[in-house]
Amino acid sequence: MKHFWRKVCALVVCACSLLGCAPSHPGRVVVGSKNFTESFILGEMIAQQIEAHANLRVERRFYLAGSYICQQAILAGRIDVYPEYTGTALTAILKQPANGDKEAVYQRVKSEYEQRFGLTLGPALGFNDTFAMEIRGEDARRLNVKTLSEAARLAPQWRAGFGYEFMERPDGYPGLAAAYGLHFAEQPRIMDLGLLARALKDHQIDLAAGNATDGLIPALDLVALEDDRHYFPPYEAVPVIREQTVAQHPEVARALAELGGKISDEEMRQMNYEVDAQHRDTRDVVREFLQRKGLIAGTDPSTP
Amino acid sequence: MNVIRFMVENQAQVLELTLEHLWLVGVSTFLATLIGVPLGILIAHRRQLNRPVLAGANIIQTIPSLALFGFLLPVPWLGARSDRLAILALTLYALLPIIRNTYEGIRGVDAAVLEAGRGMGMTEVQLLFQVELPLAMSVILSGIRVAAVISVGLATIAAAIGAGGLGEFIFRGLAMVDDRVILAGAIPAAILALLADFSVGWLERRLRLR
Amino acid sequence: MSAENTNPAIEFRDVAYRVGETQVLSGFNLHIARGETLVLLGRSGSGKTTTLKLINRLATPTSGEVLVNGASACESDVIRLRRGMGYVIQEVGLFPHFTVARNIGLVPKIGGWPEEKVRARVEELLQLVGLPAELASRYPHQLSGGQRQRVGVARALAADPNILLMDEPFGALDPLTRDELQREFLLLQRRLRKTVVFVTHDLREALRLGSRIALMEAGRLVTVLSPREFLTSPDPWASAYVRAFGDGLESAANRGAS
């Protein structure tokens, strides 16, 4: 009887010590992403860049459901790098008020991450995916409206449509309305994000909140109004990496550094459009982009 | 089959997530046993505490798991890391079956045996370790078995708050609308539950009096 | 004879015991001499089992004193007190997860006896109670009722206590086995000369086994008589018992019906 229990205990101890080891990824890098198109594209880009330049196996763990999940995953070492936005990192994860320009926000996020979490940021990828107030192209041209301040004068004649989160977040609609003195004819309608662009096109609403890099902006001839009072914080896309990964694989940091500043707002919109509207494979879109930029080998098939 | 091929191609990830899942379930079941068995022994001997303790454990069980995860998120040290949080929540959920079965197991020991033991001059501690616990062990293990199986299921929900484990496959698969990924999480989870049930059940049977 | 031998082994001085609203025992006074077999006879509810439990402190008196070997039971270390007495109950209460040998050797084991000594004692006791040595490695559920109770007696005698408390030990057995065990009890007692307090509701058993019979009714001690005296006693309760049990009691009273 005693021997039986001793065996059981030994088994349990073995099992525990096995499980006690934190997950480590010898010789491979795990890239995560959130669950929307732009995030996959960036995740895929990071993955392909590392594969090409760092000679490491890359595992992709995309579709993680949001900043919190990604943060937990990277803290626990389940993923090694994922694309985040500086503004989101500042407000949602560091829980600090969003103010300051691009450079200041980037530096603040970087130093806090390094101090508190053992994470660091690669250089910003080049575009600012901030909130964009969109109006129809025809209205923009006819009324000669380019900025939000100009739009604010016309707001009483317009109907607005926003997503639920934008309406509720204090740094969303409430703050925006205060900053620009926006007053619409009626309460803005709350709609599903996917339907906003359509509704705008179909004249059901005259102004919608979207993202600056929405693929549908060029496709549907929409115009993003300029945030001339700089109400929205910068949302620069950056790769967040574990310091441990950088230490073990410095070639990863170098590979990511090469991506710095390579994607403009326009280029990001184009890639989003190709994946969302044209339903092209993310991997192909990303590979073509990297080839075009000379970051990976191979000729761009579309150049004559 | 597609799922099998997917799991083989991604075996490193499947293995990693399975181990994570086992860690969540293992640690929480272990902690729940550490807390629950002594509590069960206590209330079996002090009947007055019986109702409040069982009622407390019952209330915890009725809170929907996702809600419990949500409540605990703002807590300072715990909420910072969701696997800590998940382990705490899973431990809380495992308490009721363990406490209750320990209580029932000990109360089920034949009163004549206890009287004889006491009359012969055994101390309460000797009675507890040499008579009550060995005789109640099968029932206690049954409670631990139920707790472990429940934990395997609940741990899949823990992925919703970022604690990892096989639930991550399920949630990602749902977002991707990809069955293979969903099943790559669901199938191992089901197998784990069956394994837990079977292995603890085997221990139970060995210890049950013929 | 030294003065020690004439001191009572167990003494009850004005003992009363109350549980909630019920007065279970009242005004109880009794001396139990060394080496005698004192039978507590009475019907259900007479308080006889409670009286027994007051001796090994499974119950404590509400008032009055119980003395064991001259010392107050309530002031002695309860564990030492109990280990110095053998306790046999009707349901036997063998540990189902222990072998017969481990059951018998329990008190010596927790008393710190060395392995060898315990094993030798178990063998000795099995022989004493008339059980074959191979039974030592069996489990209680593999034994018959009579065998189980023999093990119960062996267990009670294991640490060689001076006092033996027995609460209707043969009550759950069939008449043949009961007769066998009663006979063996008499033989054992002749050899060992323990102080035995024996509870029963069976007059025949009381007459056969007891050196004195303490008749109890409704928590009071009615009378204490030798078996012969009991049969011819004018006391109304005693004669009621004799009538209830019918014929053939003399032979029981004469003891040693072989």
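Order of writing sets the chain letters: A, B and C. Residues in each chain are counted from 1.
Keep this in mind: a residue touches a chain if its C-beta (ideal position, glycine included) is under 8 Å from a C-beta of that chain, and two chains touch if they have at least 3 such contacts.
Quantities reported herein were computed from a predicted structural model and do not represent experimental measurements.
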- When you take the mean of every protein CA atom shown, which chain's own CA mean is nearest to it? B
- Could you tell me which chain lies farthest from chain C when each chain's centre is the average position of its Cα atoms? A
- Message: Nearest whole angstrom, what separates the Cα centre of chain A from the Cα centre of chain B?
- Response: 38
- Please compute the C-alpha centroid of chain A, do the same for chain C, then give the distance between them in whole Å. 85
- Message: Taking the mean of the C-alpha atoms as each chain's centre, how many Å separate chain B from chain C?
- Response: 48
- Query: If you look only at chain B, which of its residues touch chain A in the complex?
  - Reply: 10, 12-13, 16, 19-20, 22-23, 26-27, 30, 81-83, 160-164, 168, 171-173, 175-176, 203, 206
- Message: Looking at the complex, which residues from chain C come into contact with chain B?
- Response: 56, 58, 79-87, 89, 91-97, 106-107, 110, 141, 152, 155-156, 165
- Query: Which residues, counting only chain A, touch chain B once they are in their complex?
  - Reply: 4, 8, 15-16, 18-20, 23, 28, 35, 59, 61-65, 68-73, 75-76, 78
- In their complex, what parts of chain B are in touch with chain C? 110, 112-123, 126, 130-131, 134-135, 209-210
